[in-house]
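Think of it as A, B and C in the order they're written, each chain with its own count starting at 1.
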Amino acid sequence: MKRFAIGKFTLPVYSVLALCFMLIPIVYTIVFSFNNSHRSNTTWEGFTFDKWLGVCNRPDVCEALGNSLVIGAVSTLIATILGTALAIGLVRYRFRARALVNLALFLPMATPEVVLGAGLAGLFFNAGVGAGWVTIIIAHVMFCLSFVVVTVKARVQTLDPVLEEAGRDLYANPNQVFWKITFPLLLPGIVSAALLAFSLSFDDFIITYFNSGDVTTFPKYIYVAAARGVPAEANVIASGVFIAAILVVLITQIRGAVKRKRLLKSS
Amino acid sequence: MAVEFQAAGADLELIDVRKEFPGFTALEDMDLHIPAGEFFALLGPSGCGKTTTLRIVAGLEQQTTGQVLIGGKDISGTKPHERPVNTVFQSYALFPHMTILENVAFGLRQRKIEDPIKKATDALNLVELGHLAERRPQQLSGGQQQRVALARALVNRPALLLLDEPLGALDLKLRRQMQIELKAIQLEVGLTFLHVTHDQEEAMDMADTVAVMNKGRIEQMGAPEALYDRPKTAFVSKFLGQSNLFVGSVVDSNANTVSIEVGGHKISVPKDRAEKHTGKICIGVRPEKATFHRDQPKLGSDHVLVGPGEIIDIRFTGVSNQYLIEIPNVGELTVFAQNVGISPVVELGEKVWVSWKVEHSFGLSDLPDGTEDEE
Amino acid sequence: MAFAAFGSAPATEHKSPVKSGRIVLALLMPGLIYLGLFFFTPLFSLIITSLETPAASGAIGAYDYGFAWQNYVTVLQSYFPQILRSFYYATVATLIALLISYPLAYFIGVKLRRFPLFQRLMLTLVIAPFFISFLLRTIAWKQIFADEGWIMQFVYNMHWMPTSEHFLGSDFAVIFGLTYNFIPFMTLPLYTTLERFDIRFLEAGADLYASPAKVFRKITLPLSMPGIISGTLLVFIPIAGDYVNASRDFLGSSKTSMIGTMVESDFLQNWDYPSASALSVMLMAVIVVLVSLYVRSAGTEDLL
């Protein structure tokens, strides 16, 4: 492990190299989305925009994408609501079972996906519920919940309770205090949590595989296609999602930084 | 539920209020009456219960037993948003996601008062911040934020305004300025102010009445001058200003004075300034009322004289010099001498006598810690 | 912990008021009931299933309730290689991930503190891999290290490896994939802890004549333990349960099968639910033991 005195540049250089290493598969995937592949997308056959322009020429890819988006949206909505409530309850109130609740919320994050997937599949099977949309969404909400709680909790902890007291002092009833003071201030954390939940849901494979029945999500499509060759259209979609996600994050960061700079300057 | 604008300040009454937390009692049998339109200060060290009292009046805490009445109406069980009370918080608690104009207008909007923006603008102008109305709290300095917090509370014309150490975060000069402004606003608007602070100078300067709290109880209450001139307990004598305290058994008592004997010296206090007249009592005197002499002075029975003693410390504080004098069998005395031009040329170790007028002594109702009655 | 990095949270925290009551229940109940129904019940049902016996009817996939403890023995015996291999991979991958992530997290969390914009940008790059499907990331490595790819061709040409041997399908390839995929999970908790690390400790150490190496060993390392432990917890077990990297279609071969591979095949292909469940339960038991050890020493407040 490097220490901070061995050459001022070792650490920065190492970090940049490490990050480049992390990005290699991403670059590879994006590059190969432009591959003029015919059957399998394993060797380079020339540069083309065709796959980008005609991404839904393979309908099953787009269908899988559509399914993933819908499932992601619904799961995110449910998980965010449940998780935000949990986070507020955990931070703002003292109650005896707190340690247990913390533990109960942590366990899903540390549990391997095979266990969660197999367990849920067994449960649905025993309950006579057929695998499909409902079971996927239930499963996705399940594993996203803890991550939402962690993210929102961090934000709630920075919220000074005195602001809510001030609201009550200024004639706002508890309902108004929540919507006019608490919620707006928590919103950045809630949004981060929702984005995180959406990414987790969109990218999930193992749990979905165990519980999806006939419904194909984007990762499931890729897994099944991996044996015979993943088509370049899948790369196109993945690259598109990646670029969109990175843009969203970058724009948020830059906007936040610009806002902060403006605030500081005019004071 | 609309809370009406008050025509003027209302009075506050706490009857037998007690607040218990698991493990300790924060307030014990508090009885308090603040007349309408008065500037009242609750003074005490941290942990004495003054902030708890404030929060109970605001409704942010519920008392364990006892009643709270405002303007004669029992509001003991009501919620904060139903009380005609507003608080200026120690950390100002300005909403960071709103402009200061919206902050000030917040209470008005909740009560559905007409024309909240105009009223909020007027309030901001009153504290001379009208030109910054569109800024966010984070863009303002501490002093400006404090004024916004004040405007936000005042604009609601509450019957009672609670101030929780609002000047604590300001530097000295700004604090002095705000003290003057707060007092001026209070007089102009005619509201009742309840000001909680641990700064005794602030309390004495601004308040009509000061209540000194210690360990959940009010030890003494009254006008600042009266409290300062005649503290009644050891705690008050030490918390409000400084005191020299002497403990001894009463050895002489005549029509006007009571005297104790300490280390061979007779220390007297007028009967009408002493809480106790028999047994072991404590008599005190303020350091600025005492003077020291290089040679033993000839003084009448209207003075107390102790000495000789040795100067063991001299501190220069600009306005005055503080001398610490050790007198055998009596203890250490502090004497303040104002620097009126020529400071007496004394040095450490010099032998001096200390005297003061008997009429400046005060007699306490209790004894300082550690000297309790052993008989 | 890890994801606090993205809550846009400054470091100040406020004490929560001493309150309890009906509101707590209303807030906590929906989420907790959900957890109870869809996390704990499935686990419980796994335990029950693991004890079932083949049905008297002999039909495939049909089982009767029972107390067949010997299922566990059978599973342990038949899948011992996979179990051993899984924990071997997990240990190696976790260690390497830690070694790779720590300097990165240190750089971003400590060295870049004065440049918050850069900090955020680099953090974004750390989590960027999350935004590309992890299957595609793994496939990318598979294609990069394919025998026909230029890396392997180079290796063969340099005679560093005989052409009869391959990178793909080896333990090394699987560990490589696992490490790669889980580096962000290790970096984020480390980052969160290091980000809050008070640099003045380092200054105090230097002031007290400690060399940089000593400062690291005696101050930085111990104080970053919470991050190291959360990172390890978040990485070790999921790796042990993974099977995609080790799968034949990705970076592995039939010789790199792990616990997860067995669970998947037993559950979805052989319909051998008791075996799959027993394996899952054993894996879960290891987690519970590890997490309990952690909680016993550090409490639960830092878990989330």
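Rule of thumb we're sticking to: a residue touches a chain if its C-beta (ideal position, glycine included) is under 8 Å from a C-beta of that chain, and two chains touch if they have at least 3 such contacts.
Quick caveat: nothing in here was measured; it's all calculated off a predicted structure.
Path length between chain B and chain C in the touching-chain graph (shortest route): 2. Looking at A-C alongside A-B, one finds more C-beta pairs in contact between the chains of A-C. Chain centres here are C-alpha means, and the one lying farthest from chain C is B. Core chain by CA centroid proximity to the global CA centroid: A. Inter-chain centre distance (chain B to chain C, centres taken as mean C-alpha positions): 59 Å. Remark: chain A and chain C have CA centroids separated by 16 Å (rounded to whole angstrom).
Once the centre of each chain is set as its mean CA position, chain A and chain B turn out to be 56 Å apart. Counting only residues that touch two or more partner chains, chain B has none. Residue positions 160 of chain A are each in touch with at least two other chains.
Residues of chain B that touch chain A in their complex: 3, 58-60, 79-81, 85-87, 89, 91, 93-97, 106-107, 110-111, 135-136, 138-141, 152-153, 156. Chain contact summary for the complex, chain A toward chain B: residues 160, 162-163, 165-173, 176, 180-181, 184-185, 263, 266-267. The residues of chain C lying in touch with chain A in their complex are 1-4, 6-10, 12-14, 16-21, 23-24, 26-28, 30-32, 34-35, 38-43, 45-46, 49, 99-100, 102-104, 106-108, 110-111, 116-117, 120-122, 124-126, 128-141, 143-144, 146, 148, 180, 183-184, 202, 212-213, 215-216, 233-234, 237-238, 240-244, 249-250, 259-260, 263-264, 267-268, 273, 276-277, 280, 283-284, 287-288, 291, 295, 299-301, 303-304.
Across the complex, chain A meets chain C through its residues 1-6, 11-12, 14-15, 18-19, 22-26, 28-29, 32, 42-43, 82-83, 85-86, 88-95, 98-116, 118-123, 126, 138-139, 141-142, 145-147, 149-155, 157-161, 188-189, 192-193, 196, 199, 203, 205-206, 209-210, 218-219, 222-223, 226-227, 230, 234-235, 238-239, 241-242, 245-246, 249-250, 253-254, 256-257.
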